[in-house]
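Heads up, the next two complexes both have chain A, just with different partners, chain B and then chain C.
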Partner chain A sequence: MERRRFLSKFISIAASGTVLSGFFKRTFARSPDYDPKGHYYGMGIQIDKCIGCGKCVEACKAENDVPKEPFFFRTWIERYVIKRDGEVTVQNIDPRIEQSKEVFSEGDILRSFFVPKLCNQCEKPPCVQVCPVGATFKTEDGVILVDDDRCIGCRYCIQACPYGARYLHPEKETADKCTFCYHRITKGMLPACVEVCPTQARIFGDVKSNASPLGRFKRMNKLHVLKPSLNTEPKVSYSGLDGEVR
Partner chain B sequence: MNPLTEKLFELLKQVTGYIYPNEIEVHWGILVVVYPYLTGLVAGAFILASLVKVFNVKEVQPAYRLALLTALAFLLIAPLPLLLHLGHPERSFEIFISPNFTSAMAMFGFVYAWYLMVVLLLEIWFTYRKDLIIWAQGETGAMRFIHRALALFSTDISERAVEFDKKMVKGITIIGIPSAFLLHGYVGFIFGSIKANPWWSSVLMPIVFLFSAIVSGIALVIFLYMVITPLRGEKIEVRCLDKMASFLFYAVIVDFSLELLDFIHRLYESEESIRILSDLVMNKLFVSLGVIQVLLGMLLPLAVMVSIRLFKLQEELRKLLYFVSVILIQLGIFATRWNVVIGGQMFSKSFRGLTTFKMDLLGLEGFVMALILLSLPFITLAILIKLLPPWDKVVKSFSDGSAQ
Partner chain C sequence: MIRLIHRIPDALRRVLVLFVVVIGIALLVRMLLPAELKDSGIHVKTTIEHEMAKPVKYAGSDACTDCHEEAKLKKEGYHKNLSCETCHGAAKDHAENPTETKPTLPRMREFCSGCHIYNPSRPSGFPQIVPAAHNPLKPCVECHNPHDPRPPKTPAECSACHAGIARTKALSPHVQLECTVCHSAPQGHKLSPRVVRASIPAERAFCGKCHAKDVGAKDAPKVDMLTHGEKYLCWQCHYPHMPEVQ
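Coming up: the complex of A and B.
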């Protein structure tokens, strides 16, 4: 009897919670008065979960009007193949690049893995520091954005980014980069790359929140960021990051 | 497929190792090579002129005004390559009205305006004021009006006024030297402060830029002096030439030492990036750095200048050797700018691969445009010389009394 009452209570609470959370989510998504002060975004990437399918790259290009050619990326996937003789081969996995279809003989491979790359949304962004007109800036919720109407196209930010995360948009002639899909996240949605990832290799959320997938990711993993010696303090952190990755 | 992506697909085949996918396009092309080259010439020419005034180097007096006008001509053209290189040149004014104070590049507007308005134009005005008034008195028509207007319609050529002019020139020169240092040192800082790029990121960068600027500026003034003087049917003053060449000699030695120090320091520290940088130097920059910049642009002229000092060579031979040296030095300094700007973008920040730079022949960022931009300062200089003749015979000496 006890158990039945507990179960029925649990189910009803869970159900109403789901309904309520759905409700809140919808109203939040529609809410015009999004408060950036209440958020501080970051991303976690589980290297061991990435299968290199490239769905995130395609989704990103479609969602953000990134040119299709393989020279313009807001996010991309690198494949690392470390051979027994110590040779490291890195490739950008893109169906439009022939080299990325190279097949290695299994016996030669010591270890191999995929690394999704994107703008690290640095806490101390060198790109923001160098922009002569303040066209690239950090929002209150921690995302680095580019104001297309102000960018003069000098490309200094592209030079200053240690991660190669920026490119010059060939049509707009302004700098472009990952925004964490700012137009989506401020409506309570996930970035496109996170939403389509079939293995949940990418975890998006609030860096300050503990009770969230990102919070859990940070508790349960040994983490690392890219190029920590440059003191840019990335808000994208990796679990299972290999020393060969730069 | 548009021409850019077509070009990038072509470049993709020439990539060695791995580069980040966004890195295939070399973002700062030939125009950004031309820009620091031009500002370097400005700073160098001005510093040469300042040496005359501040340290009262009488031998170089014949080239003083030429050096000032050269600095002005090159300064007027210097922002053009930058402007043409922008994706949105129509928004360039944003740098002046809403500068980001943490950006070295944003300071461009202020350093440039300061140097042009406060230093160069003022110094030239005070230097020429008396002559402008005198010239206007003996002229008619448009030229008379132009000279009067350039003198801002001042008419006072009393001893007191001229004395004041002299004082001002001296004062401005004293402000001018640190300003010239600032102008080019800051260009070096634009590159030297990029921590993402180990080829650029060096505390020595502003100083190396500065000394290479002095080298190129002096070499340019020597070149112009040696070309223009015979064209005017005048005799080249060897004393003047020897003195300028000795300044050049010392500047080259300092510049060479600094670059050598930078090289040894990198090699000795042997940081993470050393492998890719060695690859860069040995493959992509072998000709432009090893052969043109170091061998032809520095060691050979240095050897020539040492031999001129060691063996007392004949005047004519000296002139010839000076002339060859300054051309080689000029070539070398252009290669220096090339190696910094282009070289710094040919390796990946992943330190795993190299890309290639392919210069277009035509187009906004092409070779022809670079040639036009490099010749524009000479055209400007020709106009300036027409308006403000810097020659001794025309100028009834005022700044020095008798030396001219």
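Coming up: the complex of A and C.
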């Protein structure tokens, strides 16, 4: 008698267990074919290739619903003009304004170039350190994300970022920043800015992988990162970066 | 029990009450807090899921070549590395619903000059133009195929550029005459038409070779060169390309 009761109980528990475990697998498994442990993302930027056309800025705004006003950017392009008298001017490129209407006479220019900028997805991100509510964090695959539900819009992270990569989204009223197009890269696509760049000035990939465009970029170029003295260890590296770039 | 409480000194009793209240509030807050505030792992997971679920707007060039054979033609030429969406805009909607939504088809000069307008900050060697000096108002696509934008070949025929004149001249009495009978077109005119100009007849006597009394072709209309409109050049009144050379 004792034994029969035990068996029937055991069978019913085992059956419900398999059903439940199946349910849990289906509802809680993330995208089954994407494993963040297998990736660690980074970007390479070739200054010598950037033509300052602003296609990356337009694509980023379209892909990520960044407000159209010219002071909200997840990625942007700076134009550096170093004059013969040593004066350095930095302009933010607005692709809608014709660039020929400019104030420099060519004889004054010593050298000039464009620098695409975006979140450096730092290895040691200052923005994550200062967030008082823990709304921003680094994922396993090395991308810094912001939790919109948790962010209280206090702007600490915007102040803390040495690269000016964050802004306060005027509608959501939370901090917003480049995510390397997390929704695209986890599907195996390229970030929108890399996809549209007409001169391949931006190279995206896995920092660990050698047999990839980013691996080749790192082998073939002399690299530099922005503000290395701050020990933020950016994962966005530049080739052909001028000493005047801040 | 009550006696026991009374035996506790008054001051200590108040401290105990305060202690109990503080512990109680702490427990209550812990109970009321939502799970994702207690465990940061949950909010990290939901943020990542939220981020991954965002809609993709740029489909990527692989999606284009699935249907568009002509996109493969772009495999050669200077634009071979450009993504289709660099010029045609975000096209995920079009890839999913090809008949209902169409990508953009930019034909404005301003669109091409976004990349190709002269800017001293652009890398040297990148093809650039000064729009005011480069065939003003003429759409770029008339001479350059954007899918293979090699510089146009030097035209063999005048009509390659002067098609309007060629069509009216075909109906005029001068249809039999080659352009070069009246105009001299130096080789340089074909390469830079605005710097090296073709000539136009500068003397009355030139038209007189056919149209003066008692000379040249018998069927050409004759005038007395001495009395007919003496101080004007012929073509100032008679437009020689028109069907009725009035």
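Here is the rule we go by: the second predicted complex is superposed on the first by the 206 of 246 C-alpha atoms of A that agree within 3 Å, B and C clash if a C-alpha of one lies under 4 Å from a C-alpha of the other, contacts with A are read in each partner's own complex, and residues count from 1 in each chain.
Note that in this section a residue touches a chain if its C-beta (ideal position, glycine included) is under 8 Å from a C-beta of that chain, and two chains touch if they have at least 3 such contacts.
Quick caveat: nothing in here was measured; it's all calculated off a predicted structure.
Asks: With the two complexes superposed on chain A, say which partner A:G134 touches: chain B (first), chain C (second), both, or neither.
Replies: both
Asks: So, does A:R150 touch the first partner chain B, the second partner chain C, both, or neither?
Replies: A:R150: touches chain B and chain C.
Asks: For A:R84, decide between first (touching chain B), second (touching chain C), both and neither.
Replies: neither
Asks: Taking the superposition on A as described, I'd like to know which of chain B and chain C A:K124 touches: first, second, both or neither.
Replies: neither
Asks: In the superposed arrangement, which partner chain does A:N92 touch: chain B (first), chain C (second), both, or neither?
Replies: first
Asks: Could you tell me if A:K187 is touching chain B, chain C, both of them or neither one (first, second, both, neither)?
Replies: A:K187 contacts chain C only, not chain B.
Asks: Both chain B and chain C contact which residues of chain A?
Replies: Touching chain B and chain C on chain A: residues 134, 150.
Asks: Would you tell me which residues of chain B are touching chain A in their complex?
Replies: Chain B residues touching chain A: 1-2, 4-5, 8-9, 12, 17-25, 27-28, 82, 85-89, 91-92, 94-95, 98-100, 102-106, 108, 190, 193-197, 344-345, 348-352.
Asks: In the complex formed with chain B, which residues of chain A make contact?
Replies: Contacts found on chain A: 67, 69-73, 76, 78, 88-92, 94, 97, 117, 126, 128-135, 150-156, 158-168, 170, 172-174, 230, 246.
Asks: What residues of chain A sit close enough to touch chain C in their complex?
Replies: 30-31, 34, 36, 48-55, 59, 62-64, 79-81, 95, 98-100, 104, 106, 109, 112-114, 134, 137, 139, 145-150, 179, 182-184, 186-187, 189-190, 192, 195-200
Asks: Can you check the complex and tell me which residues of chain C touch chain A?
Replies: These residues of chain C touch chain A: 40, 43-58, 60-61, 79, 81-83, 85-86, 89-90, 110, 113-115, 117-123, 126, 130-131.
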